[in-house]
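Next come two complexes built around subunit A: one with subunit B, the other with subunit C.
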Partner chain A sequence: MAGRPSILARTWTTPVILIIILAALQLAALAVGSGPFNQTIIEIFIRVVLVVGLYVFIGNSGVISFGHIGFTCLGAYMTAWLTMLPAIKKSKLKGLPDIILDNKLAYGWGLLAAVIFAGLAAFVAGKVLMRLSGIAASIATFAVLAVIIQVYSNWDSVTGAQSSVVGIPIVRVVWPYFLCAGAAVLVAYAHQISRSGLALRAARDEATAAAASGVDIPRERLVAFTISGGIMGLGGALFAHSVGVVTPDTFYLGLTFITLSMLVVGGMNSLSGAVLGVVILSIIIQLLRWMEKGVDIGGASFALPLGVQEIAIGAVMIVILMYRPAGLTRNRELVWPPRKLSPEGRPAAPADGKTA
Partner chain B sequence: MTALLQILFDALSLGSLYALGALGIALIFGVMRLVNFAHGDYIAFCVFAMLWPSIDAAAIVFAGNLPTVILVPFILAVGAGLSVLSEIVVFRRFRNANPATMMIASFALGFVIKYFLLMLYSSRPKSIDLWSNLTRQIEIAGARIPPLQVITIGVTIVILIALTAFLKRTRFGLEMRAAAENFTMARMLGVRANRVIMLAFAVSGMLAAAVGLILVTQTGTVDIQMGANLMLVAFVATVIGGLGSLPGAVLAGYLIGAATVIMQVVLPPDARPFRDAFVYGAVIVMLIWRPNGLFASRAAKQRV
Partner chain C sequence: MKSFLQLGLGAALGALMLAAPAAMAAGDKIVVGFATAQSGFMQAYDKPAEDAARIRIDEINKAGGLLGKQIEIVAADTKTDRAEGAKAGLEVIDKGADLVVVSCDYDFGAPAALAAEAAGKVSFFLCAESVKAGIQGVGPHSFSASVLAAVQGATMAEWAYNKKNARTFYRLLDTWTEYNKGICDGFDWQLPKLKDARLVGEDTFKNDDASIAAQITRIKSLPQEPDAIMLCTMMPGGVSAVKQIRAAGIKSMILNGSGMSGSYWLSATPDLSNFFVPDQGSVHGDDPNPKVNEFNAMYKAATGSDPSSQYVYPGYVMIDVWAKAVERAKSTDADAVVAELEKMKDEPTLFGPRTFTAELHHQNKGRYLITAVENGKARVVDEWTISEPIPVDYLASK
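Presenting the complex of A and B:
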């Protein structure tokens, strides 16, 4: 098999195409330039970071995790602690260590700290949990989320408990979010074609055969879990800087399910699926939101009643999954030139009961 | 002694609710490997079925005014109907999909039900007075216990016995157990798949309705989110019990109920707000100790 091109040579167009899609959104934001529109694009970029973070673990390992939004929460509070004005911290979050209370860092350091902190937390949690598989692993990750949220919504002196933490510096320009989304895509791609990523994907498809070939499944899962935890932390920090307010409730089931849905609707076993799921569902949600606010059609104002937007998005998701159970991309990657085969050189496997 | 009695009743009544919820989820998982995240929204839907649609803060009780002997079967029928309808409209089309896809589809369905309720009733919690005399406390051997707790425990025991009899003594029950054990084999031996699955959905919907009735009597409020938390605990309980195992689901429901009540009593006051964190910590320990659950069903194990 001397002439077989390397995996990089066969698949490098995938991240390029995905980043071009993201760049198109960035350009659209620059072209329109209005505040609300920019905020919409920022939201999409943040969701791209979160869903790509989920993908690094769920897509490559086949284990559904309900706990990743917990790491998002860790990241969001970390950057809040580091970047808020000392005066606000001293009045609201007295329990923080003095060195944090007295200083204020630029948001770039906040993002970095969020990635490291969330990644470390994921490493510690993963160390314990990664020997579980299937539904037990899913529930265990959910328990991790519940523990994190319970602690953050009750630890008054450090997290402000249920009340929201306000005064986080807001970043309104779009390009930092674009850079982070692009970086998340690149990291996910690099992991997916790395030795560890390939081993993990092999274990996802044929656990027994992979283990027999010397793949240390818990170890490869731990690598993916740690990387994805770090990316989730980045997403949380970006979220905190996009709205300036964090509460523990933001990072619970609602966000868990919407990000998971985007991943599954896009196609959970492909990076392209993660990105496209976010972009397509976000566009649908946005269109419905505009319709809910009221649209002028031929002079007559026409608005959907409250709640219809969510009902419609739920129905759209069900219909997409009915016709494409393996997601919009059918678990294939986008490549150039387009071809019928998946990057692994064989037709994409149909969805069957072999997750976990 | 009195304190112990109080703890026992608290634990049993909370555990009963969790056990009923877990049963509803385990029944469906057993026959079709679907983790039904819409279950919590079934619970809320059944409760709202008692009210007339309005977005006012005050609840307009409509069906809730029916006499109890009619109201209870009516709500149970609503639960069963909604559940069967969701199987016909949605889940039937996901027979060959992988579990993750089904799970997200069930979540999307729950989303649709929740916002349908929001559209009709608004998201504000409403208070409703249903059998409120049951929450007035009475004294039993020195412990102050609301009759509702006794009724909850009693009703749960009755439901469990009835369900066991149904599963063990009737033809339908036999078919359901066979389907839960090995679905393909059961079909080959003449069990009609769609009928068994519909039956499982109907029973599961009735369990959701029962949970809804108990919850609304306990709290006196209706809220579109009211089933969510219970559904989560029930979901955790089904996994701890061993997915697909009905006795496991019930036992785990009671265990989580007991753990919650005991932690509330035992933890020092400073740590009490973190009670649920401790409960979920215990869940993690449990899963690592017994990854397949307390009663690992043979069907749940992966074969090579």
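Presenting the complex of A and C:
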């Protein structure tokens, strides 16, 4: 290892580049300043948080999870409980503990509580699930999602069952969302270069060898599962504050699959893939929406039929995956200066002949 | 993580204070913004009511406009999605909407209505029938153009008691939606007020239950067939429930909410009789008010088809009452318009009187036509207004 720079020194530019990309979106929002545009940028930031949350577990462990949106639901309801006006809570959510019923916190505390609550829930669920691997683990995570959604859809006195929970303070400024997306990227990066993150990645690529080298795979997975659960909770809380309404059915299969596809299209095994997948797919979706509304080209108005956007985004994803099966980033991280590639898509061996 | 969040909180509060007020609307026109579903399943509910609203807007524009200004329409698609709904609301506000019209359903309309409320604009739900669609679930500038679901249940119970001599009632609730529960809530409130009327049994089912045989068995095992079954359900499962009840040989009259109105589904139950629904206006061409039949013709001319159900009408009522309030306030300022709307007491409209108060921006009393289905044909047989309004406290506690 002598003479080889530390992993931090080699990769620190990745989070910087990603945060610069997010900052560019933030600046665009400031420059345009219109309500719907800002809301679009807010939505992108929330999805960045969610997909980065997925990446922390899925990307590093290689286990696909269909259950993470359940933690998003937990986070969304937690911040709703804490930040709504006591009067509304007392009439609609009578089953909450008195201390929650009588108080109202600023939304920043709601976000923090959402992270802790969802992280704790992920820890408890993960304690059991992380002993499984492969498809069994994936299906078990899906079962967790189903359990959470069923409980929240039926626990009338605490979640309002399937009725909308309203009265959540709405935050329409873009800054907090940007900061949270940036924080999620930093946490994900810090985890991935930590001892635990590296051990987990080693176990992903070669489980037997990693276990033989002393990696406690269930434990490392649990660490990643807990952190990613917390980030998903943050995403849910941000969603609640961006729209002002939560219902359990928002956090089910639709959101699960759109976030998973953003991760896969971007490149499942790299943090850059998670962020770029969201940004690029969101931009394509937005362009298609504008085309649905009609654009003027040289005086002629041209509009796609309504609903084409959903079909087109599916087609775009198929095309991307045909040509880039490992995602847009080919599972590599963005670094500066850019690394040269060998024809197989792997970083070229250093000039002195030592293997990387 | 924690310190980062606190940093975020500080920055967010700072940014909140700096947030600039929304852009001002242009002065020479009045803008109505539709933040409704143009795609997705809610489109089936939103589009007909929206078409009716556009008919009223055209009428006003042809008659010289509102406060001497033409009404302009802007629209944004919610795609039947809550997050998109919030964006659609912001978009029409950005385009200068003085009135923000939102989806028929409370759950799907609320994000856009909340956006309007935050911007200090008047919002109207096209046809939501939950008490939350208004002050209780959005805020003091929000209204609904329809009548509460509870009024439908209460109307049917009181009418059947007085006009059909019904004394024994059976309550069958489809727990699928808030709307269904609302109908039965109104029924529950009304029944104890009817002397000698009794509930002989109650049961629940789910809209997508393939069979309600168990529920039917319980009705059949009653010592005597009930006079009336209060069926709180809606499409699509309601049709199957009605079919099964009749197929089992139960002859009791069946009372419903407006969710089962319209004639488009009657071909599925060709010999249905003794079946009653409340309607705000008749889509069958036999409304006692000739102006409603004229409206139906206008609607057909504008859209190419007859109204399929009574849920077309609230869209027309909405623009009608809002425009009157704007005329009286001589301004589109939200607070002034809300004040005028709240002064409306039994304000006549094509589809029954409308009352708004500072407590309730919805109808807790309302005139309903009673439509009967006999031998598979629907026609208006009566009209009924409940003798007293359903108390707001009762509604809010549900």
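Assume the second predicted complex is superposed on the first by the 336 of 356 C-alpha atoms of A that agree within 3 Å, B and C clash if a C-alpha of one lies under 4 Å from a C-alpha of the other, contacts with A are read in each partner's own complex, and residues count from 1 in each chain.
The criterion applied here is as follows: a residue touches a chain if its C-beta (ideal position, glycine included) is under 8 Å from a C-beta of that chain, and two chains touch if they have at least 3 such contacts.
In this text the structure is predicted, and so the values were computed from the model without any measurement.
In the superposed model, A:Leu179 lies in contact with subunit C only, and not with subunit B. Of the two partner chains, subunit C is the only one that A:Val243 touches; subunit B does not reach it.
In the superposed model, A:Gly314 makes contact with subunit B only, not with subunit C.
When the two structures are aligned on the shared chain, A:Leu288 is found in touch with neither subunit B nor subunit C.
When the shared chain is aligned, no partner comes close enough to touch A:Met130: not subunit B, not subunit C. When both complexes are overlaid on chain A, the residue A:Met232 reaches neither subunit B nor subunit C.
By the touch criterion defined above, A:Leu306 reaches both subunit B and subunit C.
When the two complexes are overlaid on their common chain A, residue A:Ile69 makes contact with neither subunit B nor subunit C. In the superposition on chain A, A:Thr208 makes contact with subunit B only, while subunit C stays out of contact range. Looking at subunit A, you'll find residues 306-307 touch subunit B in one structure and subunit C in the other. Residues of subunit A that touch subunit C in their complex: 33-36, 38-40, 43, 91, 106-109, 111-112, 115, 162-164, 166, 170-176, 179-180, 183, 186-187, 230, 239, 242-245, 247, 250, 292-293, 306-307. Partner subunit A is touched in their complex by these residues of subunit B: 33, 35, 37, 90, 93-94, 96-101, 103-105, 107-109, 111-112, 114-116, 118-119, 228, 232, 235-236, 239-240, 243, 273-274, 276-277, 280-281, 283-284, 287-288, 291-293, 302, 304.
For subunit C in complex with subunit A, the residues that touch the partner chain are 1-2, 4-9, 11-13, 15-16, 19-20, 22, 38-39, 76-77, 82-83, 85-88, 90-91, 93-94, 106-107, 110-111, 114-115, 118, 132, 137-138, 178, 396-397.
Listed in rising order, the residues of subunit A touching subunit B in the complex are 64, 128-129, 131-136, 139-140, 142-144, 146-147, 150-151, 154, 208, 253, 257, 260-261, 264-265, 268, 305-308, 310-311, 313-315, 317-318, 321-322, 325-326, 351-356.
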